[in-house]
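These notes are about the structure you will find just below.
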């Protein structure tokens, strides 16, 4: 599946913008709990941060020209791995988190390696097939281990950490928010850094012309696989957090519907820039929560919002300010 | 011998696009590949660079068999090419295009990119400098920050050439480098090609402009219907009755 | 707090704006907000929609009668319902919104097993009273004292049902059970198989299908090859159960038919067709048009049909009854404190549309949190649902 | 395990395969012409089902007349959707993905709000079963399968011999070249989308009496259609037919030996396997 031509902020260039963007993100993340301690706001904000990790890493893969419909499966792999490591093996959350992420990344090698042999709509559909296999696996196989259709319950919250003689706990909404905020800021720093490195430069070149890149000596497969594995690693981290903050897991959490939402967030925000998914995830999640008030009409209105946004801002929300500014500039230049 | 084709063939279904083609390209020469439309010239390029697999024969570069390798591996061995329909990374600036092409020479690892080490920054800086220097030689330095998709045709052609050179290739394969250029621009391209030969590079090109081909090439190979019908110096080729026949039989040579 | 909230409004302006209107709107009257959750869109929407409608019917009844008198205060009831799309993660977010934003202390209604677990991670620590119709065994337990199931589940129904089958139809020896492959399906088949074995039946098949399946020929070919005397479409929803019966008949099945965890008898007759549905026994669903049910139920059914243009299934009736019972318990307790209401709930029987209802289930779940009421076994005769027997759960016999 | 049972299982799998092939062909036709994957395709199938419910079950019009009407009505709805929305999305696969998703939600929610949530039964137009050689097949399914085959044949003839059909194939092969040769891309695009939707609507009409109708009924055939077109190869009519038969036999036979959940895994594994051996499906171009 070919991503739309984004109006990319040229990567590999000026460091000012990415650092300012990261600083803005960090400031917003730090400011929110100063403004409200409302549990619902914090819960929604935590979900947004977790989804940001997922959409930003999905965007990394999209930037190499692949829409990976199995992204959510690696979140699931991370989630189940971490939950089982803590409840069955008995290790602490803090050990389970990195192991779960590595497990997700290791499984990304064979799955990504196989899926990336096909391209275009076939890639889209083969990754969808993989995601269904993973979901059905969690739902129907090793039911004693994964909980099967009843789901996996009783997952403990992250254990306390010693911190200069005190214990840092992670049980309240605020503490969980703080944990996810920390995880996200590290993730975002890595992804933004990557985007603005030569890796990001070559990765986005592949989306613009994979044959050209290949004949210029770019090992396109390796770049795509690297993006796949790095993305899956991030998804694994998000999954581990999800398991221990929600405390219950069900295979449908990693099915088509939540995956489709991730794609919606990413594309509505704009795939041309690393900040696209940020705009899309934040705005669309808030829109979704507002629409909850509409009960039966929620999905109807959400659908209309999607259609109109995509027709009005085909390059995503982040490309919109530039587009409006250009339109204004054209207006000015036409004046005598 | 940098490049050698041994009995190379390619079938598309029932169509034999290239048949039993053998040819060699000598080092530090400019070698032209000509023939009427549909003669299989672009197919030959695609076979050499691994874009499509060949159905028979083999290709060797510096004594090493390269047929069967993937395009990126072939490029890594020192062969780079342009495409007939000029392809660029259209969303990128001119300099970014060159930097992507130069990644083979100076691509830093994932780890050092993340750590943002001083060595990484130093390499990035050097890569930019080299890129700018290359653009200078092709009179593109002033356009370094222009978005490639917005460039005029002539500059796009020049940029495609710059990208091929940026890979550090020893053999550059150019698919119609003069197409659509004005006389003055063709002359400039010709002098660039000659300069490349002086620097020791080997050039293999397909071109429809006969005057340009005859003017710049050391050796010319003529293809018709996937078969090699002649090879020699421009002078020999121009006098070859088979060549004249092939061209007259199909269309007026040159443009 | 107000200042903080207004600063927050700047950041998340639209979010805060809506919440503001909700809070303001309720300011004049004493309002009791009660939450309802459920899938209101997608394939499982019929469950959620019936939950909301059942609650709506009772809430309107109470409001029309002047409100709910609890102690010295009278409350208007305000329903807050959210769609969780049958997704566990979304259910948790919706529950958070109900509990922390809408300040709801009662959530009456939820369906789809996996979402119940997710909601409980929010409601239990906050002592929010949560009632649902999910069938998962692990949704009830001593560690979840604020959670109730307001509909008979397979654990209450399967044994008395098959005891009745054994007594009245001794020629039935081999039974095949088929359910969807999810929490309710797994639990229902498990309960059915347990009852069958305890009563000396042979289990001809214990099969599952993916929810949403429409073509049952493949799975039925396998089941019918095992030559069952009776086919139990155990936890299949009405639409899928109807298709199973229809296709079983096409494949030549002529044995007895059961629907242990039946929901909406009219839909199953409609989908299966009169012939294929003929003779289906169901111990769990309710026939609001039957002469056997009380006048209240028939009136409920008639009003529901008038209002929504659809016949209510057992879930709508169950949530209507749950709303009735829990609001009565509030009046009993003369308080809205959930712990006091809990105590009132478990003290004595209630008279409901189901008939006499008690809250029990300790033997099965380790805690008395299951609504128990008479099991009415019905049979489809000539396209009509006819109640043919009533079986009392042991707890009600006392 | 008797041979009868095996053959019956195979017959079960083939029974409705052609109807899913019809859905798949609509999807792949739209893809070849507009280069978009229409996720709301199942909702056009649903629309066909509801049209059949109201015209046939409620108003009692002749079944085949109803079917024709459903095909026309849904095709028209498709043309409207293309003119209003999808023509702006040609070639923008990712944007079209999001928009068609939005349309899916809009159509499903609208159906639920206007038609109700409960399954609506559509009476069988043809009852009875045929028994032969110890095998069973219902007359209803037989008629449905044959009708689907007739529609597939009609589509084939249309694409092969009619002027608009040839224009569609030209656009599918190379839109720019077709435009240069004077093909009206706008017309072909609208027509292609309409016919694609009409096929889904026809399938919905065919299966309405077999499965009853409900607002969410579109999810299942679309997933099956996806599997069919990946196995067969995008844009290939014979590929879709073979893909449908392959999927049907895998599901039919698989159900004898394993639970239905495992059978679903099997279907997706076949997809993965096929793509690894032939990256563009069995009948996809090189």
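Just so it is clear, A, B, C and D label the chains in written order, and each chain counts residues from 1 on its own.
Here is the rule we use: a contact is a pair of C-beta atoms (placed from the backbone, for glycine too) under 8 Å apart; a residue touches a chain by one contact, two chains touch by 3 or more.
Keep in mind it's a predicted model, so treat the numbers as computed, not measured.
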| item | value |
| --- | --- |
| Subunit D reached from subunit B - shortest hop count over touching chains | 2 |
| Set of chains whose contacts include both subunit B and subunit A | none |
| Most remote chain, CA-based centroid, reference being subunit B | C |
| Whole-Å separation of chain centres (CA-atom averages), subunit A against subunit D | 32 |
| Centroid spacing, where centroids are CA-atom means, of subunit A and subunit C in whole angstrom | 36 |
| Inter-centroid spacing, subunit C versus subunit B (mean Cα positions, whole Å) | 72 |
| Residues of subunit A engaged with two or more neighbouring chains | 139-140, 296, 298-299 |
| Subunit B: positions in contact with at least two other chains | none |
| Residues within subunit C bordering two or more other chains | 41-42, 49, 181 |
| All touching chain pairs, where touch follows the definition stated at the start | A-B, A-C, A-D, C-D |
| Subunit D partner contacts - residues on subunit A that touch it in the complex | 1-4, 62, 67, 114, 117-119, 121-122, 124-126, 128-130, 132-133, 136-137, 139-140, 260, 263-264, 267-268, 271, 296-300, 302-307, 310-311, 314 |
| Residue ranges of subunit B touching subunit A (in the complex, touch as defined) | 49, 51, 70-72, 75-76, 80-81, 83, 87-93, 96, 99-101, 103-104, 106-108, 110, 113-114, 116, 124, 127, 163-164, 167 |
| Of all residues in subunit C, those that touch subunit D in their complex | 41-43, 45-46, 49-50, 181, 207-210, 212-215, 217-219, 221-222, 225, 238-239, 242-243, 250-252, 264, 267, 270-271, 273, 308-311, 313 |
| Subunit A contact footprint on subunit C (complex, rising order) | 4-5, 7-8, 11-12, 14-15, 18, 22, 40-42, 49, 52, 81-83, 85-89, 92-94, 96-97, 99-101, 113-114, 117-118, 121, 136-138, 181-183, 185-187 |
| Residues on subunit A engaged by subunit B in the complex (per definition of touch) | 5-8, 10-13, 190, 193-194, 197-199, 201-202, 204-205, 208-209, 211-220, 226, 230, 272 |
